[in-house]
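Please find one structure pasted underneath; my questions will follow.
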Amino acid sequence: MGFFLETVIGGLMAGMLYSLIALGFVLIFKASGVFNFAQGAMVLFAALAMARFSEWFPELLKFDSKVLANVMAFVAAMALMVAVAWLIERLVLGKLVNQEGITLLMATLGITYFLDGFGQTVFGSDIYKIDVGLPKDPLFLLEGTFQGGVLVNKEDLYAAVIAAALVILLSLFFQYTSTGRALRAVADDHQAAQSIGIPLDRIWVIVWSVAGFVALVAGIIWGSKLGVQFSLALVALKALPVVILGGLTSVPGAIIGGLIIGVGEKLAEVYIGSKIGGGIEIWFGYVLVLFVLLVRPQGLFGEKIIDRV
Amino acid sequence: MSADTAVGPTAAAAADPAAVPGARRRRQGEVVLEVSNISLRFGGVKALTDISFDVREHEVRAIIGPNGAGKSSMLNCINGVYTPQEGRITFRGRTFDHMNSREVAEMGVARTFQNLALFKGMSVLDNIMSGRNLKMRTNILQQAFRNPWWSGAEREESEHREVVERIIDFLEIQAYRKTPVGRLPYGLQKRVDLGRALAMEPQVLLLDEPMAGMNVEEKQDMSRFILDVNDEYGTTIVLIEHDMGVVMDISDRVVVLDYGRKIGDGTPDEVRANPDVISAYLGTSH
Amino acid sequence: MKLTTLAFGAALAVSAVSAAWAQAKEQFFPVLVYRTGAYAPNGVPFANGYVDYLKLTNARGGINGVKVIWEECETGYATDRGVECYERLKGKNGGATVFQPLSTGITFALTEKAPADKIPLITAGYGRSESTDGMVFKWNFPLTGTYWDAADIILQHLAKKEGGWDKLRGKKIAHIFHDSPYGKEPIPLLQERQKMHGFELTLIPVTHPGVEQKAAWLQVRQLRPDYVLLWGWGVMNSTALKEAVATGFPRDKMYGVWWAGAEPDVKDVGDGARGYNALALQHGAEPNSAIVKEVLAKVHDKGQGTGPRDEVGQVLYMRGLTAAMLAVEGVKRAQERFGKGKVMTGEQARWGYENLALDQKKLDALGFSGVMRPISTSCADHRGATWARMHTWDGKKWNFTSDWYQSDEALIKPMIRAAADKYAAEKKIERRTPADCQS
Amino acid sequence: MLYRENGQFKTSYTSDLQVFPIAQDRIGIALLLAFAVFAVPLLADEYMFRAILIPFLILALAALGLNILVGYCGQISLGTGAFMAVGAYAAYNLFVRIDGMPMLLAILLGGAFSAAVGVLFGIPSLRIKGLYLAVATLAAQFFCDWAFLRIKWFTNDSASGSVSVSGLSLLGWKIDTPHEKYLLCLGIAIVFAMLAKNLVRSHIGREWMAIRDMDVAAAVIGIRPVYAKLTAFAVSSFIVGVAGALWGFVHLGAWEPAAFSIDRSFQLLFMIIIGGLGSIMGSFFGAAFIVVLPIFLNQALPALGALVGVTISTAAVAHTEFMIFGALIVFFLIVEPHGLARLWSIGKEKLRLWPFPH
């Protein structure tokens, strides 16, 4: 029982981290109808920037305050992500307005390659450290109830809390700021939005910047968990089924989808996987999604699609 | 069918519409298609409520009504795109509570679409050829190994191609055979749409606003095509149309829908006289 | 058909001619590397060490006067890219001497191609274990040991700690491995030992690239094993250690293979990894060895260092350095037979690798005293030596914590024989005759 | 002036139904094939064969298969790698387990197995559309990767899970030299290209395109989406499976599931996008582009560096390669979203009218 709980909690944490990345996908898809495969690359890029800046600034400016270094690095990295967002809008999406989804998808794949190469050229391809003081040691709950207690990974716990905070922040942003409202308008109908004078290009830059911000946060959390190196880009593959399960257009969907898949795959791996040779995590999420889609083709929270003739 | 039949008696028909209905009313046969108590809802929205009417062999049956009256939904129910919550549809004595597109097509019901549903990526020829699909018999392997010398697939293709060419002549779009339909002007696309339906050699032809957005000449051409089809092959025609004038000229009987309800049914003259219809169209209430 | 074959022959002749023309006094070493992608952090130091040694060889005046040249090719650890590199480099500069893919996947692919091209493959400390049997695998050289040796030695070490094989009975051992040929290679031996000594073996695969291991470590926590064997590569290792920290599994109960015991694996875990043990393939981190000093003096001080200076002497750097040394020594040995100061073909070099005889004296001369132990190969044994020892991370650096081990021939030989025969049967290859061995 | 179709009158529908109705095209293609069969072996060296031509042909075949599914039937799939893997492993097992099994037959049967799996994973496409489907197909990708890694039977119980084949021969003709391998791949590629072309210009092809362009209308004219989509999946995965088998048997010789990873799926998708969705020709263009470009870059860049006197490190080359590749993809999508095939046909149009612009 204790172990079961442990697995579930572990799953929830992992799920929260997935949704953090999934969030980036959803934001961009909502506002620009682009399925942004580059999200993973953006996470890596942001993390690399963060890690390296926090090394470089102290060297350059001759100070040794970790906090200051991190803060400066964060600001600089964020600025960089905004720049990236702007360039993407300028050089890529701006030139591909009203192309089919697949074309845009391909474009983001192109961006992925570019960012991977560029990031490693500028920041190097070694393994780097991000230390924002997330605790590494485990935490044991209910040791009275269960022998050995229920283990909770403190780092993941913090990460989950941050992720949750981020989500709330974003939903507030969407609900209450004028930009947020504009974003939702665009999401509903590009032409209409344009016709009432919402500048699409600016909106898209904003969305991609927000996505960049999410990527940065995700990058920092994953980075301090795993160390910053190329494989970070691959965690995006873990987020894909989450996005689809939640429904491409739903922010809460991304979160709940993440939790479901997180818990699901951990339970599956531990209880079924160990029986059939293990490693089923890699596909569990996808197969789960496959079956959910058979029942709800638009995902759990996606908008329903009706054919009109 | 053959190209030359495009002229001849029909020219007269087009020339003197007044004479035509009388001429055709005698040919009307027994009921082929009967729609009884159809109701259709999307979530809360009621698209159709308790609609019933019948269609007789060889007649031109019009369904009219203001926008959002549920005309297209009615057709969608008949050929199985939508499934009504209540009601039944009887076709040549067989009764269904919902239709399956494939069966409907096999029973010889063809259809054109209000806002063109052509296959954008394909040429005019292929679009119309696709109408022959039901009649093509060769299997994948035969098609994969088709060749000019010894293959059923090739023979089948050219046989059907022949039929399609006649339709192309009939609709006078020879010049555009190999053009992707996407590039054609609206009026011509409408013809291709009709052509695709004709290629199925239908017994009943459902036309969803075939003349929407056309200018006078185009409308005249289109009504000529419709009447010809009806005359030459006695194809039963169910026609949705906005333009009252045209409808009254070419149709034998008219159903009037408003907000998903039937408010009138009968010959053009009867319908013209019907106060509900008048109010629905002139917007006055009583 | 006839025409084309003829034409093709002509084409070959042409290329042969051009090859002959390229026959300057230069020995060509292709270098397959991955300086990018998921495994770059481990690929880079190896590549730097490898190239540095080749530079050093020239600084030392080449191989008996024969200048050494090389060309890097990026594989990104991907098999098809590796094959492309192989095809590109094998014919260059008068023909490749030897290939070292540094990837089990690429090794498998090249094993099928090398014999036809008469180019030897050195897979020092990786590759397919049965290729130890030179009677079947004429062109493969898993020098200094295979994964079967590694697994066996780790188990020996555990047995020793427990105080005898019999003490292992009933103990729980979890094998956490990279879910690829690399990670699966040792499993047969582990199972063999399991049968013999009755410990509980649990196999826990981790899928590429190994960034998501929560489930694996939840299982570990539930299982509470006495020991964990870590068979990872790249980010998988550091992640495993972090998860161990996070789940509170004692690091000193973890034993890594020699690819899971280098700086990149522990660097950013730092103190968290203190007490973690890993096998050292002969050498460990050797900042004070003669060879490192020489490299620094003759290469880096000349401003020709391939990588950063502080990397020289690190574990994977040394691994690359040693691999290059073996490649060069093989050629030197071949020259003894086919003519000093001549450029050796791949085929001649093969003989050199098959008859390596590096005794302590030679090694000391090369500056490898304390870094390597003697190694001598033969037809029957393409591996030469199975010496290895444990080293342990103290939070700052790696320190040796055991004396030397050798794998148990009595156990492994038959396994190799069986596997090699299976391969031979599958491929319809005849075992080589003793006569062939003399050639 | 040479490229004119006037004076060529079609006297029968059959003659108008030809693959290349214009005489010049027929001649052109004939010359191209002749060149590929007779001239290339004279010109190409071994590296050319092993590292460029053979991979190009095999991947072009796979792209062709994928194009039928994505380009003609409009069902996006990211699971192509998996179907290649199924083809390869099925062929492998048939080849090693049944002795006396002819290689070609094994490869074709591999394709058949792949087709079956393709249909299985195609079933969701009856309900799921667009990007949702795309991600759903990833299930196939990851599941197959896992299965071939985990289930020992598939790999003939090899300890490492890596498999290898050798001793290829076709009707007694021993295939070992690279140019024999090349001819084998070329032959298979040509045959399948013809068959595919036939399918897409017959009524099954029209059904696929109808589903792609307007599925509701397609249903109304009596096309069964189930049949159309599943046949597309079957045919597509069959060809992809054959390509996979060739990739393992002819190109790699020994392989592990990683050889058919998700990267492969993306690579193939790139090929058909760059080459042109819904174009047989395009599959070949795309494959050529994607295969040659990286190799070209990572040989050209150091040379370029040498010219200006700087030595570019392997890492730098690799990274630059990534960047240029990505940039080119984007550039392409912006300049010609319909791919090389479209450029090709535009070129032909122009040539037809030349020298008169209209």
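When the chains are written out, they are named A, B, C and D in that same order, and each has its own residue count from 1.
The criterion applied here is as follows: contacts are C-beta pairs under 8 Å (C-beta built on N, C-alpha and C of every residue); 3 or more make two chains touch, one makes a residue touch a chain.
Predicted, not measured: the structure shown is a model, and the values here were computed from it.
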Centroid-based (C-alpha) most distant chain relative to chain D: B
Centrality ranking, top chain (CA atoms only): D
Chain A and chain C: spacing of chain centres that average the CA atoms, whole Å: 37
Inter-centroid spacing, chain C versus chain B (mean Cα positions, whole Å): 74
Whole-Å gap separating chain A and chain D, where each centre is the average of the chain's CA atoms: 33
Shared interface positions of chain B, touching two or more other chains: 81, 113, 117
Multi-chain contact sites of chain D, meaning residues that touch two or more partners: 146, 149-150, 216-217, 220, 315, 318-319, 322
Residue numbers of chain C (touch at least two other chains): 35-36, 40, 44, 179, 205, 207
Residue ranges of chain C touching chain A (in the complex, touch as defined): 35-38, 40-41, 44, 179, 203-207, 209-212, 214-216, 218-219, 221-222, 234-235, 238-239, 242, 245-248, 264, 267-268, 272
Chain D residues within the chain A interface of the complex: 70, 76, 124, 127-132, 134-136, 138-139, 141-143, 145-146, 149-151, 215-217, 220, 262, 266, 269-270, 273, 277, 315-316, 318-330, 333-334, 337
Touching residues (chain side chain A, partner chain D) in the complex: 35, 91-92, 95-96, 99-103, 105-107, 109-118, 120-121, 125, 237, 240-241, 243-244, 248, 276-280, 282-283, 286-287, 289-290, 293-294, 297-299, 305, 307, 309
Residues of chain B that touch chain D when the two form their complex: 79-81, 101-102, 104-106, 110-111, 113, 117-122, 126, 129-134, 136, 138, 140, 143-146, 148, 153-154, 157-158, 161-162, 165, 196-197, 200
Touching residues (chain side chain C, partner chain D) in the complex: 3-4, 7-8, 10-12, 15, 33, 35-36, 40, 44, 47, 72-74, 76, 78-80, 83-84, 87-88, 91, 104-105, 108-109, 111-113, 116, 128-129, 179-182, 184-185, 187-188, 205, 207-208, 419, 426-428
